[in-house]
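Shared between the two complexes below is subunit A, which has subunit B as its partner in the first and subunit C in the second.
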Partner chain A sequence: MKSGPLAYALLAAGLLVLASTPLWADNYVVRTAAIVAMYGALATSWNFIGGFTGYPSFSTAAFFGLGCYVGAICQHAGVPMMLAWLVATLMVGAFACLLGAIILRLRGHYFAIGSIAVVEVCRLVVSSWSSLTGGGDGLNLPLLTWAPEQVMRFFLFVMLGILVLSLIATALVDRARLGFGLRCIHQNEDAAAMVGINTTLYKVAAYTLSAVFCAAAGAAYASWTGYIDPTESFQILMTVKVPVMAMLGGAGTLAGPFLGAAAFVLLEEVFWANFLDWNRAILGVVIVLLVFFLPGGLLSLARKAKAKANSANSGSGGAA
Partner chain B sequence: MAIYSQILANGLMLGALYACLAVGFSLVWGVLNVINMLHGSFIILGGYLTWFAWHGWGIHPVVMLPVVGAFMFALGYALQKTVINRVVSAPVLTTLTLTFGLDMILYNVMTYWFTATPRRVQLDLGSVSLGPVTLPVDRLVGTGLALVLTLMLYLVMRGSNIGRAIVAVRMDRSAAELMGIRTERIYAITFGIGALMAGVAGVVFASVFPITTNVTGTYLGKAFVVCVVGGLGSVPGALVGGLVLGLVESLAGHWFGPQQAITAGFVLMLVILLTRPTGLVGVRGYE
Partner chain C sequence: MSEPILRLEGVSKTFGGLKALTDVSFALEPGEVVGLIGPNGAGKTTLVNVVTGNLPPSSGSILFEGKDVATQKPYEAARRGLARTFQIVQPFPQMTVLENVTAGALFGGGAGSVGDARDMARESLEFVGLAPLADRPAAQLALAARKRLELAKSLAMDPKVLMLDEVNAGLNSSEIDGALALIRRIAERGVTVLIIEHLMKVVLSLSKRLLVLHHGRLIADGPSAEIVADERVIEAYLGHKFAARLKERHHG
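Right after this comes the complex of A and B.
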């Protein structure tokens, strides 16, 4: 699926706005920008398995949460912060690779259920393995000793960095044989296997790609907030929210997941601020409306508008 | 040995409750091919209605069974007819997301009206002893009710025209349509029955365990496990899945501590998914 020039323009504008927030806005806005960047990275990663490959994966929160914990445990053991993030990314990537080789044999509903169960199992194991993870009490991390604005700015750029890396990976995969193979699997997995695509390998690659950026974001998030606990790190809500963001923007496109994440986080902020008691219900309504009225995502609106303009321009000759 | 007969009894009682909890979820998944994320909230809604009727007006939970059942059937029927039927043949990502969105709304409404305080119908029926095994009577009655309700669903599915129409749609939608079955209506009825079973399971649960909106996810998780372990869309499958899960949780709770009971259930589910995706009593080709 090709993203049009409008999508690229929106993507570039979005990234610029996020990166420039420290120049023109207060700490609250910068924090929101960092959250947008983080969810943008999560949704862009989900896109590898959910958008390109069409597997209904709901394991985002497992990778995010494991990233939180591996990073936090490393930092506790005295590993420097950045190195801890790298270790978390690599370890969770390896975990996703192994897990993917097992659960990607499932399809459709069974894969969806299996991937949700992975989040629950991770949460339960982490909360009962108290000697390593602190159990239900959670873990404290060393806080950065800089000024609050500096800390916020630092994590904004970290999250933006992860987001940009995930976008670059998406662009590379999109052009490569891998992206083509994944789209074939999306359309018809048996046919893809028949024409010689190593479907297992491709799916595991997509699943692993969908995990590494989540893990990096999770590890950075843990250092940012300074405290993590199992319920906060492994949320079923997050695991469904992230695919919703990707679908809101347009699953399978380069810019869509990020734009969807930005729109969703901004909506969420507005609802939190104005309807504290009802924000969950309002988000539910947003999801229902999205499924009914915008199944192709926000970018499909632009595509439709363009198609309309084209058919109008081509005049009476091509009108059908 | 005494301890094991107690564990066995606990496991079987719990298992019957799980079967009743999951049978509606299994039916909806099997027939509509929809993973109904609302199921946990439906159970809690049934439980809340029971608690408020009991606490406010002194109505006995058993009396509430038909009332809650009728209300939940109407709610489920209306939801499927107006909302879910529009996307019922869409990929799982869409239907799961839609029911999750609906669940967020229901969850929010319940938390707002009822608050998340745990509530329980205290019937104080005492307990009976059978040799070395002690059985709380309220739980025993709950188990009996759960089994009776599950059996009733089985009889309806087997014996009534509606039940046979549902089975026909499950086997082959287009063939059923050619036979003059209105599938949209069957879908709505099936979803209504799913909600009904969740609601009556909630009535039973409210008399055995505390009810709070915080456990909707836990009950939904149980429904996942029971459904996968037993096999989709059949009442005997849900019964087998429920009993197996009940026993596994009791044993794992005894051996590894209560926290590990839930983990054991999910691990069991993942193992069954990978080794026998049709479930223990599943029929091949109906996945």
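Right after this comes the complex of A and C.
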């Protein structure tokens, strides 16, 4: 599951394109770029638990939604915006750590169901706890008083910042003992324990890593939109979309989840703009086709091409 | 004699009403090679599972280097130096042979970094003769090579006690000879080896001492030559009738 030079090149190019949108495009494109960066960060976070560790987590929307609410409540209480984001990140990280110690005892489908239940439980708690969260009425946040372009540009760079941090964390984990251990757990959890890996600790670490960047993105998203409510913050659709993005690009790789998120958001925009009634159906078909014919994700195309070139080379070398 | 490296005292394991192990006690001296035999279902693999923390014992104590480790987790056993191989091999299938062994060195063998672990892994691959296959995915290996991979992985963990659960099952006779030579060389390094085995040829050629398990009880413990002549052992393996007939023939 090594990322080749092509993956790094695509990654760098993708980040550059996103960062440069304010220079050459209108606000709609900048907004799309910010959404790509946000989903890129979510998919890259999911990659820690879903890609490296092989645990099919559907908790993304829970972490995102809690991030929205913790950030919003902090801002309401007068905490400065950036500090509120940090508080949200840390609190949701701690939450994931405690929760992970419980639900990571489940494996496979059971874990998937357990993790999706977390989203629903969080949504219900937030919508019932009206005194703190405003319940179904939602919460308003103080809006930034800058020009719309400035606000847009600011949040593009905030989301890009979160994305880059998640990518750096991925690269560090990939090289370290933690990444190696997580991949062992993915392949064979019992054997991983038998070679001396503290599997519980490692899984909790991966689950927590998968939460913190989602929480940061959620808190920033809340400040960006200025209004949050329970259904918008805890979307089951998001919790399904994010793993699909990661798998579309290539789960377990550094660049894959981000590239998958970019491809997914762009496809979604295209279908939404052109086929208003059928966009979900068409997107569904595209996803099914990709899963069937490209199970390793888009990045596996590059790897296959490289393998073909190599075998052609060694073939001619052998004949000579 | 020195202090035993591993001592079991009155270890029992029950699964509901089923007594898989009843009051098993024995001790292994450092550097010893001991065979553990017994008919199918005697509790041999359960015994290994209990010693390495895969299953908690229902009662009794397990002392490793004098310390009670009955409640340890499998990863703690691995880090302490209690390594095992599985009857059904357990590789990391999508990883290369080298990466598989590196995992053993990194997490169980106390390597400081992934790089150090890789060097240790190369050494143990060299030792078991798998070095030429280092970059193959583990899933591609044939059974004999997979069993060697299990051994290399365990060795990279720098074990003090190595429990081999039927490492020879399913191998042909020339492969078994290769495996025997390898186990002998592992024992020469000073590793205490417990061989769980069906094949008497293997056990007798390696170990001077045998433990016999039958219906979860340890029915014999002593020098190999005496054990194979022991009536109870023959009975356990061949049944009461056949044992009696065999005895008559010897006396007649």
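Note that the second predicted complex is superposed on the first by the 315 of 320 C-alpha atoms of A that agree within 3 Å, B and C clash if a C-alpha of one lies under 4 Å from a C-alpha of the other, contacts with A are read in each partner's own complex, and residues count from 1 in each chain.
In the analysis below, a contact is a pair of C-beta atoms (placed from the backbone, for glycine too) under 8 Å apart; a residue touches a chain by one contact, two chains touch by 3 or more.
Just so we're clear, the structure is a prediction, and the values are computed from it rather than from any experiment.
Contacts of A:M194 after superposition on the shared chain: subunit C is touched, whereas subunit B is not. When the two structures are aligned on the shared chain, A:A112 is found in touch with subunit B, with no touch to subunit C.
Applying the stated contact rule after C-alpha superposition, one finds that A:A176 touches subunit C and leaves subunit B untouched. Contacts of A:C184 after superposition: subunit C is touched, whereas subunit B is not reached. Of the two partners subunit B and subunit C, more subunit A residues are in touch with B.
Residues 175-177, 180-181, 183-184, 187-188, 190-199 of subunit A are the ones touching subunit C in the complex.
Against subunit B, in their complex, subunit A makes its touches with residues 50, 54, 56, 58, 102-103, 105-106, 108-110, 112-114, 116-118, 120-121, 124-125, 127-128, 236, 240, 243-244, 247, 277-281, 283-288, 290-292, 295. Of all residues in subunit C, those touching subunit A in their complex are 52, 73-75, 78-79, 83-84, 86, 90-95, 102-104, 106-109, 113-114, 153, 157. Across the complex, subunit B meets subunit A through its residues 29, 33, 35, 83, 86-87, 90-94, 96-98, 100-105, 107-109, 111-112, 217, 221, 224-225, 228, 257, 259-260, 262-263, 266-267, 269-270, 273-274, 277, 287.
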